[in-house]
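Shared between the two complexes below is chain A, which pairs with chain B and chain C, respectively.
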Partner chain A sequence: MVNLEELKSEAKRILKEGKVKYIIGYARDTNGLLPKPVFIKKEEEADKLIWDPTCVYNLTRFIADEKRKMAREKKPDQRPVGLVIKGCDSRALVVLLQEKFINRGDVHLIGVSCENTGVIDERKLQKKLKGKKVEKIEFGEKENFIITTPEGKIEIPASEILAERCLECKANFPVVSDVLFGEKSKRKAESPFKSLEKIESLSAEERWAFWKAELDKCIRCYACRSVCPMCYCDECVVDTINFAVTADTTAEEKAQKIKWLEKSPVASENFIYHMVRAIHLAGRCIDCGECERVCPLDIPLRFLNKYLEKQAKELFGYEPGFDPEQPSLVASFKDEDPQDFIR
Partner chain B sequence: MEKILGKKSLPQWIRKLSSYKIYAPAKEGELWNFKVIDRPESVELDFSQTALSPKKIIFPQREVLLEFNSNENEVEVRQILSDEKPSVIFGVRPCDARALTLTDKVFGGDFEDPYYWKRRKATALVGLACTPPPSENCFCLSVDGSPYSKDGLDILMTDLGDRYFLESLTEKGNELIKAGRELFQEPKASDKKEAEKIWAESAKKIKRQVKELKKIPAKLKGMFESPFWDEESLSCIRCGICTYLCPTCHCFDINDEIVSSSPLKGERVRTWDNCQFPDFTMHSSGHNPRPDRASRLRQRIFHKFQYFVERYQNFQCTGCGRCVSKCPVRIDIIEVLDKVRDYGS
Partner chain C sequence: MAEEFEPTIVAFLCKWCSSAGSDLAGVSRMEYPPNVVPITVMCSGSVSPLYIFSAFNRGADGVLISGCHPGDCHYIKGNYYARRRIALVKKLLEYIGLEPERFRMSWVSAAEGTKYTQIIKDFVKEIKPLGPQKKLRRNQ
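Up next is the complex of A and B:
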């Protein structure tokens, strides 16, 4: 089991010794069930840190912000950022290493184990508790969660309230870390692509109807992109911020800047947005499921990314986010790679 | 005008309103949203909070303003104004109706936006008092609202168990009741008392509040350059959820969508825009006056609790709590305002 006091002491130690510039972790929020991402700069603030099954966020996402900030500073602090990291987040971090977006020395990884379970799905839990207030949620010893309510403690088997992505998890403790808390245990997950069975059983027409209905709901808030640790491009096709304008740029050139898609949230444009994102994540997505969690309209985005994850595995035997030395899928090839799709 | 309507008569009333397009909350998966209703008997007003407010109906996310069509010598331009039949939206929450009264100020005044007002005037809002409050993050009481506010509504309905207590508040509301007149009964004095009791109980159940909000506009004035915004926005991921889900946010963009470039043919389209996106304030020179998340979070708070108050004497927030409930990283506007109030003291 992760000993939280030990984790806090380690955080205090590295802050005190100046080993890291700050630590990104989880802290209890004053309101609601889920915690908040926190940025801890001072030793005394490290007591805020928590680790429990409500820590759903993929904090690796914030590394891109730090990198951008450093690029703007004249004399950036070169020390690493401390990062509390669970299994799936660590795989995302490995992808960033594989793509050379960051160096290993940019981060100091405080690994935490999901203790043979994972993180919760907030809605599943609330349904289960039928309005009971949650005071505390802990990892149990027997692949379960122990939930403290004002009326007492309840034990719930993890599989009943786990986030969907955790049911298909491939790494429930960090694959890379500088210090690791908790057990290096491996839960036997369901088949890694079980959730796809539902969508794969549909005919092409049914699939089209399914996606049309789902993507029609999209309001293009781009939360799926914004929360994604892999969506670190400086300029995304959906917002054009880096068009180089000089004194010689004419009005026509400005007006004729390529627009990849319209702002209108209609089926054709929504499809382009989601397809571009899915294709860009092929062989990179490690299924942290954050895109689907944050979608305010409940679009089942994991299906898209999961499907391409399966393609990468089946066609190229590729699984991203395990080995920092392995080149990324799209930046490498093997002689035996299938070529029958090239015509 | 006050009336009583048996719950079982609601579909019959809706059927009588056949000259109107009817919207009501409908459930898809786990989410409620306003949908056009074809089967009146499917309407059940036992929803909690719709994911999107009825803003999406009055001020759609995409709206064609004009069409253009060119031939060799001339360009033909045709204004497109909605010619849909009048609508009735059932199940409007009081905070969402109040939000429209705020947006009215923006699209009204010296220049009336014809597109907005055509829909607004052709739409009747039948409200449903919040008994109990639909979200744990409701805070309408702090921003001059209430779970039974009548602002902006044409009718306010209150659920009395087996029947609704209705108050018609406008001529539009009276028309709707007249259309189904035989279905309504006159209320007894005890019915109104019962409704008032339910309202008072519901108000007590609102857990969240911003204390001394009145102090915020003046306080904000001195905080434009404060490092406070850097700290508060550290976890902001720059998505557009808070703004697009907000019932009062109304910023938009206008683009030409070209169908054919030769001969030139296309539409000029208005779409929602979002101050949290990096290109919102991007100048064509390459300069971006709001280049980071701190300046964008500050803009959201300043617009709602400073600029709007100065210009229109109202907070531009009705306490629906959607931005709090749906923020991917739990940035909580109530907490931010509390911190602003106490900042530096």
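Up next is the complex of A and C:
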């Protein structure tokens, strides 16, 4: 089990010794069940840190922001950033390492194990408890969660309220870490691509109808892009806001700037946006499921990324997020790659 | 009488093999359907998936990617990268629900003018019964 007191004292120790400039972790929020990410700079603040099944966020996202922040500073603090990291976050970090976006020395990883379970899906929990107020959720001993409500403690098997992605998790412990709290043990998961069967069993026209209905809803708020630890490009194909228009920019230069797709949220443009995002995440997406969680319109974005993850595995035997030394999917090839589709 | 549907095919041809192959077909006066819009790219490996999506978005009824045979790439391994990437794009397009016939990839060398004409003929023949591609097309 993760001993929270040990975690806190470790956090205090590294802050006191000045090993890290700050620690990114989870803390109880004043409102709602889900915690908030915190940036702890002082030793005494480390008591805020928590680790429980409500810690759903992928904190690796903040590492990309940190890199950008450092690039703007005149004399950036070169010390590493402490990061409380769970299984899926650590796989995201491995991809960042693999792409040499960050160096291993830029981060100090405080690994926490998901205790053979994972994190909760808030909606599943509300449904299960029929709207009862939840005060606290803890990891149980036997792949269950212990939930404290005003009426007393309830034990629920983890599989009933786990987030969808956790049901298909490949490693619910950090694959890289400097210190690890909890065990490196894995919950027996169902087949990793089971949820896809629902869509794959449909005919082409039904699939089209499904995706058309889903992507038609998209309002292009780009929450999926903002929350994704892999979407760290300085300039995204969907918006050209980084294209500096100055007094010297000629009309021709502006005209030459390629506009790949319209910003208006109509189905055809949404398709291009989501397909480009899926392709850009092929072999990089580690299925943290954050895009789907933040989507205000409940578009099942995981099914897009998950499908390409499955194809990468089946066609090329590629699995992202485990080996920082492995060349990335589309930047490598094998002689025996399938080419039966080429005529 | 309604006119017969003539598909528009956008073909991304690599400069060193497929483009030369289509050129050979031209200078040899081989006959093939005029439905294809050839775009010469430096290598099949330089075709971004976005080009493909964008072509469909702007109203292409079919997209063809063509490059050198494996081992013949001018840049040694560009077509190997393409093979991987295009395989994923093809899978994704099928997953979304686009007809698989609308997107294809082929290897055409500079000497294969006949193969090029045959590919275009087959492609046009397969797409015609499907009618215009409206799924990804931008509504003007």
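Rule of thumb we're sticking to: the second predicted complex is superposed on the first by the 331 of 343 C-alpha atoms of A that agree within 3 Å, B and C clash if a C-alpha of one lies under 4 Å from a C-alpha of the other, contacts with A are read in each partner's own complex, and residues count from 1 in each chain.
The criterion applied here is as follows: a residue touches a chain if its C-beta (ideal position, glycine included) is under 8 Å from a C-beta of that chain, and two chains touch if they have at least 3 such contacts.
Bear in mind that the values here come from a model prediction, so they are computed numbers and not experimental data.
With the C-alpha superposition on chain A as described, chain C and chain B fit side by side in the combined arrangement. Once the two complexes are laid over each other on the shared chain, residue contacts for A:Glu309 go to neither chain B nor chain C.
In the overlay built on the shared chain, the residue A:Ala282 is in contact with chain C alone; chain B does not reach it. Residue contacts after overlaying the shared chain place A:Trp211 against chain C, while chain B stays out of touching range. With both structures placed on the common chain, the touch criterion links A:Glu66 to neither chain B nor chain C.
In the superposition on chain A, contact is made by A:Asp239 with chain B only, not with chain C. Look at A:Val330: by the touch rule set out above, it reaches chain C but stays clear of chain B.
Here the vertex is the CA centre of chain A, and the angle it makes with the centres of chain B and chain C is 90 degrees, a multiple of 10.
Of the two partner chains, chain C is the only one that A:Phe341 touches; chain B does not reach it. Shared-chain residue A:Asp121: touches no atom of chain B or chain C. Shared-chain residue A:Tyr222: touches chain B; no touch with chain C. For the three-chain overlay built from the shared chain A, the minimum Cα spacing from chain B to chain C equals 5 Å.
Across the two superposed structures, the residue set of chain A contacted by chain B and also by chain C is 262, 266.
Considering their complex, residues 49-50, 53-54, 57, 70, 77, 80-81, 83-85, 87-100, 104-107, 119, 122, 135-139 of chain C touch chain A.
Note for the complex: chain A touches chain C at residues 199-200, 204-212, 237, 260-262, 266, 268-269, 271-272, 275-276, 278-279, 282, 304, 307-308, 311-312, 315-316, 329-333, 335, 337-339, 341-343. Residues 29-32, 34-39, 57, 61-62, 123, 217, 219-223, 225-227, 239-241, 243-245, 254, 262-266, 290, 293-294, 296-298 of chain A are the ones touching chain B in the complex. On the chain B side of its complex with chain A, the touching residues are 28-31, 51-52, 61-62, 136-137, 208, 234-235, 237-241, 243-245, 253, 255, 257, 269, 271-274, 277-279, 282, 284-286, 288, 324, 326, 328-330, 332, 334-335.
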